[in-house]
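We just call them A, B, C and D in the order they show up, numbering each chain from 1.
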C-alpha cells in the first residue's frame, strides 16, 4: 500500500479522531496531530488544550479577524470557544503534568515496542528542543503517536529507539496509515490494519516485533 | 516602668510603624501587629498584604457595609484599596516565601538573642498551629517581633527559646514597650529605650544577654 | 454531560473514611451546603484537608465539632476550641503543615510534582521525619504532595460547563484543590450560562469540574 | 514613587552580561519595544531565559539573530534557524529545559522554593548531571530554580501603580517571570489610572513592578 502523504495523513487523523470521547481534554501537537480536529465526530464534544495557555481552543479565525493576543502553541492565530479559559504557563503545565489532559497526540521521529518515544532531537543535525512534549507525554493519561509508518524509506517503529528519548515507556497507542498498534505488557500489538495493506506488509515495514491481535480488524475509517 | 497593656501596645505599634518605608509590602500579624496600621506616618505609603489572598488591604468596613467575600487572615471583614489585588493561597505564599514581602510584624511567645522565634505552640497546653507564620518569618526580608516585654511576670526575651521554634535565626528586630533590640552577628543589641525606663530595668527584664549600643537612643515616639 | 445536579447526586459520592479537601479560609469561601450534607449524612472517620478548622459553627469547624473527622491536615486549629480538645483527648489526629507548605503540597498533588522543596520549617519540629536536602548551599525540607478522593469547592459564580469564578478572598484554597482530587464538586452561589464568565476571569476551567450544585445554605 | 518612565530610564539598567527573563511564547506577549532597546544598545553576552527563541524577526529571536545572546535557557529553538546555526558554530550556548519544568523552575526562583521535583525528563538525556530522587516509589528529577537580574514583561494593560493585566495567550511566562527577577520592567500597550483594573483581574500586583513603560513598537 503506497499512498501519498496527504492521504496518509488523512487516514491517520481520521482514525485518531475515533479515539476521542465526550468531555475529554485533548492536546493535539503541531503538524499532523492538528488535523485530527477536522475529523472529530459530530456527536463527540472534546475540549482542546493549547499548552501556551488556553483550554477550549476554537477554529482558525477568518482572515482579517485574527487577534494578535490569541495564538496556539505553534504561534498561529486561533480563537477560543465560549466555554474556554486562558491561563499562564505554570497553570497550563499543572493541567498537563497533573494528569488532567486525557489524550495527547504527537508526532514521532521514532517510537519503539516498549512505548519509548523520540521526537525532539537528532544530535548534531536537528535540535528543535522538546518544548512541551516531554511534559505532555509524561503527564497525559493516554499518549497517541500519530505519524506516517515510514519516513524516506526508514522504518520509524523500532525495537528500541536509537535517538534520545522524549519519555520512557509512556506511549499507549501508535496510529499510522497502515494500522493501529497498542503498547501492552506483552509487547506491541497490531490491532487494526488498513484495508489496502496486509499483515505481511506491516510486519515488513516495522522494525519492532509485532504481535498480531487475534481479533485483528480493518480500520473503520 | 509599669504601663497598662493598652498603652504598652500603643507604644509598640507606634515604634514599629516608624520602620515602614514608602512603597514597601508589609504583612501585619493578628493582634498587636494589626495596630501598627493606625500609626503609619501620613507621608509613608505602604501596601498591606493579607496572606489569605490580597495585597492593598484597606481599613475595616463601616458597619452594614461588610462584604462576606472580603476578609483578612483573622477572618474579619476588611476592604481593599483601589490599587489592590486578590489571589489564591499559592500565589499569596509565592509572594511571602519568595521574599517579596519587605516587612512582617508578628507577636511572640518567646524570642531569643539568636533571632529564634517561638509563637505557634506550647506543647500539651496550647496548639493553635503555625498558620502562615513559619512562611512569613522564613520569607520576609525583615522580621520584626512586636510584643510586650514580659508576660505575666515572665521574661519573653530569652538566651535560648525553650518552646518549639517558628523559625531559626530569622528575627531581625524586637520592639517592646521598653525599647528596641536588633539581632546582630555580635548578639542582641539594645539600640533604643523608652524615656520612662532605664537600661538597668531593661536588662533585668531580659533573659538574653543584651549589648548596649554605644549610641543608645530614647524611642522617638 | 450535564454537570449541574442536586445535592442528592453528590450524596452517594460521600462515604465514611474518605479524604476530602475543602476550600475556605476561616470559613470564608467554604461550601456550607456540602458541609450540611456531610452533617446530615453523619459521615465518620473523614480525613479533611483544608487551611484551618475554622470556628465551631462555621465551615470545616462544624465537621470537627460534630465528630465527623478522624484526621485534619491543616495549618491552624486555634480558632476552634473543639479541635484542640479532641486532639488532646486523642479522638482527632491533627497534622499541622505551614500554610505556604500546605497549599504547595496540594498544588504539587494536582500538578504531577513529586514534592515541594521548601525552606519553611527547617530547624523546627516541622522537619521531624522528613527528608532534608542541601541545594546550592541551602537546606530545605522535602514535603510530600497531597491529593484527595473528593474536593469540595466553593465558587461565587459558575457556568453550566463548570468554569468557576471566585470573588475577593474566597479564592484561597479553592482553585488549587480543584486540581488535586479524583472528583471535584463545585458548590456555587450563582449558576450562569456558558459564555457569561469571560475566559479571562475563569480561575478553574470547567474541564476540572465533575459536578456543580447551586448553593443552598 | 512614579513608576511610569521612558525607555531612557530603562537603558542604564540594561548591561552586557546580564541574565534577562523575557515574556512571550513564539513572540506572542513579548515586549518588542524593550527588545528594540537592547538591539539599539548592542548589548553583548546576555543570558536570556524565556520559553523559546521565537522567529528570527520576532521577540527573543531578534536578539539571537543580532548576536546579543551568549546563552539561552529555553524549551524550544526549532522555529529560529539562527539559534541552531549559532549553537553548532559554538557561539551560542543553549540549555534546553522542558517547558513545564522551565516555567516551574522560574516559579520556584520567584517563590523561595529550592527546586522542582518533576517526573518530566526521567529516563531521557534531560536527567544528565541532575540529582534524582525516589519519593513514594516513583523516580523524579530535581531541577534547580531560575532567577534573573531583570525581567522584561509584556502586559496588555497596566495601571500607574504597576498592576498588570494580560490578554488572551499573552500571559504565558509574563506573570511568572515578574516574580523571579531583581528588577521588573513592564512594557504595556495601555497605561490606565489606578482603579481601572479591578482587583479580581490583576495578574501581577503592582508591588512586584519597578518600572512601567508605554510600549512603542
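FYI, a contact is a pair of C-beta atoms (placed from the backbone, for glycine too) under 8 Å apart; a residue touches a chain by one contact, two chains touch by 3 or more.
Quantities reported herein were computed from a predicted structural model and do not represent experimental measurements.
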Inset, instruction - Please state, in steps, how far subunit D lies from subunit C along the shortest route of touching chains. - result: 1
Legend entry - Taking each chain's C-alpha mean as its centre, the one farthest from subunit B: A
Inset, instruction - For subunit A and subunit C, let me know how many angstrom lie between their CA-based centres, rounded off. - result: 35
Legend entry - subunit A and subunit B: spacing of chain centres that average the CA atoms, whole Å: 55
Legend entry - Centre distance in Å when subunit A and subunit D are each reduced to the mean of their C-alpha atoms: 29
Legend entry - Where subunit A touches two or more other chains, by residue: 54, 80, 86-87, 93, 96-97, 138-139
Inset, instruction - Specify, in ascending order, the residues of subunit D that touch 2 or more different other chains. - result: 104, 107, 112-113, 118-119, 167-168, 199-200
Inset, instruction - Mind listing each pair of touching chains for me? - result: A-C, A-D, B-C, B-D, C-D
Legend entry - Touch list for subunit A against partner subunit C, complex: 22-23, 25, 45, 47, 54-56, 80, 82-87, 93-100, 138-139
Legend entry - subunit C-touching residues of subunit D, taken from the complex the two chains share: 104, 108, 112-119, 133, 135-136, 138, 140, 142, 144, 167-168, 199-201
Inset, instruction - Would you tell me which residues of subunit B are touching subunit C in their complex? - result: 50-54, 67-75, 80, 86-90, 92-93, 96-97, 124, 126-135, 138-139, 164-169
Legend entry - subunit A contact footprint on subunit C (complex, rising order): 1, 107, 110-113, 159, 161, 163, 179-180, 194-195, 199-200, 202, 205-208
Legend entry - subunit D - residues contacting subunit A, complex: 25-29, 51-52, 55, 74-79, 84, 87-88, 94, 96, 98-101, 103-104, 107, 118-126, 156, 166-176, 203
